Amino acid sequence: MSALLEVDGLSKYYPVLERRLFRASKQTEIRAVDGVSFSVAEGETLGLVGESGCGKTTTARSILNLVEPSDGAVRFQGEDIVPVFRGGDRARILAIRRSLQYVFQDPYLSLNPRWTIGETLKEPLRVHRPEAPETWDARIGELLRMVGLEPHHAWRYPHEFSGGQRQRVGIARALAIEPRLLILDEPVSSLDVSVRAQILNLLAELQDRLGLAYLYISHDLSSVRYISTHVAVMYLGKLVEIGPVDDIFTRPRHHYTRALLSAIPVPSPGAAQDRIVLQGEVPSAMRRPTGCPFHPRCAAALPVCAQSEPLLMPPSAPHRAACHNPL
Amino acid sequence: MLSTLAPASSPPVVAAPAPLLQVRDLRVHFHTREGVVRAVDGVDYHVNPAETLGIVGESGSGKTVSSLATLRLVPPPARMAGGQILFEGQDLLAKKPAEMAALRGRRIAMIFQNPATSLNPIYSIGAQLGEILMWHEKASRAEADARVVELLGLVGISDPGARLRQFPHELSGGMKQRVGIARALLCNPSLVLADEPTTALDVTIQAQILELLADLQKRFRMSMVLVTHDMGVVARMASRITVMYAGRVCESADAATIFNAPRHPYTRALLESMPRIDHSYTGAARRPLPTIAGRPPNLLNPPPGCRFHDRCPEAAPECRRLLPLETPVGPGHTVSCLKRGSEGIAA
Amino acid sequence: MGTARYIARRLIFSLCLILGVSVILFAMINAIGNPVEVLLAERPGITEEMIQAVTEYYGLNGSVTDRYFTWIWALLRLDFGTSIIYNLPVSEMLVTYGLETLKIQVPAILIALLVSVLISVLAATRQYSRVDFGVIASAMVGHSMPGFLLGIVLILIFSYSLGILPSYGAYSTRNPLWGSDVADALWHMVLPVGMLVFFNCATLTLLLRSSLVDVLRQDFITAARASGLPERRVVFGHALRNAFIPVLTYLGILFGLMLGTAPVTETVFTWPGLGALYIMAIQQLDYPLIMGATMVITVMLVTATLLTDIAYVAIDPRIRLG
Amino acid sequence: MSDATLPAIAAPRQRAPGIWRQSWYRFRRNRAGLIGLAMVTLVVLVALLAPFAAPFAPDDTSAMLRGAARRAPSALHWLGTDRNGYDVFTRMIYGARTALAVGLGAMIIASVIGVIIGGIAGYAGGMVDELLMRFAEFFMVIPVFVVILAVVRLFGIVVVGTWLEDIPNLNLMTIIVLLGCFEWPPIARMARAEFLRLRNSEFVEAAHCIGSSRRDILLRHILPNAMPPLIVLVALGIGGAILAETMVSFLGFGDPRAVSWGQSLYFNYEALKVAPWAVLSPGAALFVTVLGFNLLADGLTDAFNPRTRQ
């Protein structure tokens, strides 16, 4: 399998101007994403997990150029797309957008409340298939069926739908122009438990049928386990572990991954779960620790952890962890 | 006099204890322009001394409203439409407002879902916590401060003395929730209502808070009602569980029974539909998850009969007509389902 | 640190505002040419020589920038020049008339604040009740009632029909009422202050009530009640202070509005205040007086805004982060 | 395929009620808003039908010649006559035209300036935003009313002897333009807040992902969604502008050739004691108009904001 999407050393820094009254202002920066590299192959799902503020959403938004990356390359189908977006050649940008789509976390906020579902679904066709407007209506009906809705729903407004149905519309919009890769940003987090399974099933089914690749971003590890073939774990803007899903979940090598997994309460009372409760909280991105970002909270930290930053090891292995003292 | 941190005085329970809190046929209705929303419509549950009861349900199941109703704090346009809430044998609904206020915060306390909005942004931590002690226990400022510092330390806040002068916006989400917990425990209550106490928090912080709550509950032998939508959280925390759906109770039992031998079709479906982190779904193992078709009913106009019948795989014609009542199916295990032998009433 | 920086920033901005207004004002006045020429042009029978003489007297021969800096420099020394029409020092007139304006405006704001707090609490704690509805309806009517119209109605009722309150002026022309100057002054204040209170009260109540209703719905209010605090403490201690935060901005604006519309108020009640002085100055094109009065009104307004900014810091700890 | 069944829908409907129609449904249930709408409609109808509704011509001073000035209301002069011999009722009706012209004219100018400045500030962000908003703040703090009085008076002198003098109702137009130029900051602030909110909203980001052009995003996504709160502000502003014009005229700085409520107040205020009807009638008309627009704005706030009252 070839890599469809290759992210290489992606970084996003936000400058922070610390204003002071009588002294010169101090310029610092927040490293929201710091040198993240991973790849997603055709037909695969990479689950990107981490706690809030770890940079997983910024990573996704940088890939799509919703924010401009500060550094690094994003190769999609072999082409670095960062300079393309920066160059502003509309035809080339549209060609990328066609194959690379985004599904948002909040299915309510991501639909224009003043547009009918049909108008929302027509938008991508208007932009990408302007030559054949007569085919739009048929395609909209087809899309709605594909996500388990009915063609006549095209006449309705978002507020008439439940959360799960709205998320289906969001998926249909992303699929309208036959993308190869979908970036799914917490697509089920705002949904009720009983609806979550419906959307996960839909995603799995669409992947099998259309051969889509997913970058699945979530803090909900159980849905990640269900949908992903590979998992990448982020902490404070850095990738700390990446590997095949079962390896990560059964044999985590980074101490943070293990703590994260053990923090998820398993729905079986009295389950023999070795609970590791991390002490303290994630430090602010402005006061990032030196060395391994996790070392102040790590029970297995060595002196070296405070000094040098570990790299993802072993290089080029499928399962890699950035830890000086791996499990 | 200030109570000390010694465990509460109730003796260890041996045989079937009298429940500390007993809720009977509770009804809370929201009077909206569109009509009456039956948010809680005939709910029964009880909490024994020194145990944790988990109330699980999806959004709109009435779980939060029923816990607010225990304190008689349902927000307008909601109104208590009936039922009994017996706390230590006395009906709270029959109490005068002043008597009720004297119970709140002292005997029954509450932990809120969103730590960011449940602390007053313009008062320092010390001021808003101390005020409660000064009111309930007639403590002096200094006594109150000392007790607040003690409790902040107890809930795992470092340097509690300095925190007294801090404001909520200066604390992280996890810290704010710890303050919220300290506030609930100030007067050594015998019952704590925790409404989704960890939903707004990250998983590793959630683990910290859950551990803290479990520890405090054991230490002070208090009873706790833990309201949540997360089956994993109740599995970790609760000794007994009540499952709610659309304003009514489906099933109540001890935790092991709910997870290992659920009887109500909704409980079963809910458990099955969750992907689990301890299962592998790679390759051919990724089969479609069992789902619950449709969506929860609109409580403005709930379906007649069993509230779950239009999504239930086992629904029979009588389920459309008759509202099932809670029926015991085992020791400490009750189910409301006509197919499990519940009596039905035409409603 | 944060607080000091915040206040310093607002202070600097306020100074910039005052400076900006002075530039605009000066430019405007000078856009019409030599103001004295214009003034005298409206009075027939004036010769070129006379214009020349007055122009020289007021130093209007230099370039525009020169004149601006001369003026600003004089202003900084609190030298506002001499009124052309009244031939009195402008600064003296501004103080006399300004105090008369503040005499009705400041009490009006304070009384309105107190009354609207009480009414808002009454209404907001009984949301959707008849009391609430009555308060909203009358506040809406009061808020829409133009202040000067209300003043006219009050004069018709209390002065002309009932004859119990004076309809004009700040003092009796001949004998003070009851032989006491203080009582006389207070008695004259009743109508203008009453009108301003009514108008401000309506507007403040509308704002404060809706803000209070919002705050009362917040989690921390439920939390305060769940902690067993008495309702009085929850409403006055926890809700009211929070509800004031959005209203505070408006308080500054309201004071500005009152000052801005002082010409109307003072015309209705023939009150010898800054607004009435300003009208006279414009009508007569009394150049130094227009400049002086505008600057004083601006400074008062900017000060009111600055004070509300500072009050924010006192009431809302979140501001301190800047 | 997941087996989720959707709630059965009887028949495929045509377009469901859109957001505007929904707002209308909510508005209809708001009594205050409806009263406001009725009052505003009344004022608009009176203004449109003035020549048919008024018993006299607006410049008819024949009562003066008959010695019937300052007469109390009678069968002939329903609301009496004023000190110039005008029929008070007629002047009140024609005044609605001036009032609406002032309100609409000023708010059109203010909206255009406000939306452009606020939109640029909100969409561009950064330094541009900072500068434009400070500029708006500056306009909010200067004593607008006082400045308008000065400008109207001085402008009246400047135009003497120029071609501008021949423009009919020049003075009134000056007032309208000035009100427009001073009333834009609240609109700009609201427009900025809305543009900022919408620019970062998920559905706009979704449009970016699809590849919609910047123009489409601004005109088809952001602007229509920013409208509701702006409409409320404009409704409030119309009432405010009418009130301001009346006050300017009341002080004697208005357009002597315009038939406006403020002019009537100005001419008749000195005779308040002997002919109160000549003052109270235009005053009442002004009150009804301002109240109407305020109530309308209140109703619109509710209608556009489903969360405020549930």
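Order of writing sets the labels: A, B, C and D. Residues in every chain begin at 1.
The rule is short, and it goes like this: a contact is a pair of C-beta atoms (placed from the backbone, for glycine too) under 8 Å apart; a residue touches a chain by one contact, two chains touch by 3 or more.
This one's a predicted model, so the numbers in the text were calculated from it and none came from an experiment.
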item: Both-way neighbours, i.e. chains that touch subunit D and touch subunit B; value: A, C
item: Remotest chain, subunit D as reference, centres from CA atoms; value: B
item: Chain nearest the overall Cα centroid; value: D
item: CA centroid of subunit A to CA centroid of subunit D, Å; value: 48
item: Computed distance of Cα centres, subunit C from subunit B, in Å; value: 53
item: Rounded Å distance between subunit A and subunit C, as computed from the means of their C-alpha atoms; value: 55
item: Chain centre separation (subunit C, subunit D; CA means) in Å; value: 24
item: Residues of subunit D whose C-beta touches two or more other chains; value: 2, 4, 6
item: Junction residues of subunit A - those touching two or more other chains; value: 164, 197-198, 201, 205
item: Where subunit B touches two or more other chains at once, by residue number; value: 77, 288, 291, 295
item: Partner subunit D, residues of subunit A touching it in the complex; value: 64, 66, 90, 93-94, 97-98, 101-102, 104-106, 109-114, 116, 123-124, 127-128, 148-153, 155-157, 159-160, 164-165, 170, 173-174, 177, 197-199, 201-202, 205
item: In the complex with subunit A, residue positions of subunit B that touch it; value: 58-59, 172, 174-175, 202-208, 210-211, 229-233, 235-236, 238, 255-256, 259-260, 269-271, 273-282, 286, 288-292, 295-296
item: Complex contact set, residues of subunit D against subunit C; value: 32, 134, 137-138, 140-147, 149-151, 153-154, 157-158, 239, 243, 246-247, 250-253, 269, 272-273, 276, 279-280, 283, 286-287, 290-291, 294-295, 298
item: List of subunit C residues in touch with subunit D within their complex; value: 13, 17, 20-21, 24-25, 28-29, 31-32, 38, 42, 136-137, 140-141, 143-146, 148-149, 152-153, 155-156, 160, 253, 256, 259-261, 263-264, 267-268, 278-279, 282-283, 285, 290, 294, 297-298, 301-302, 305
item: Touching residues on subunit C, where the partner in the complex is subunit B; value: 127-128, 217-220, 222-231, 233, 237-238, 241-242, 245, 315-318, 321
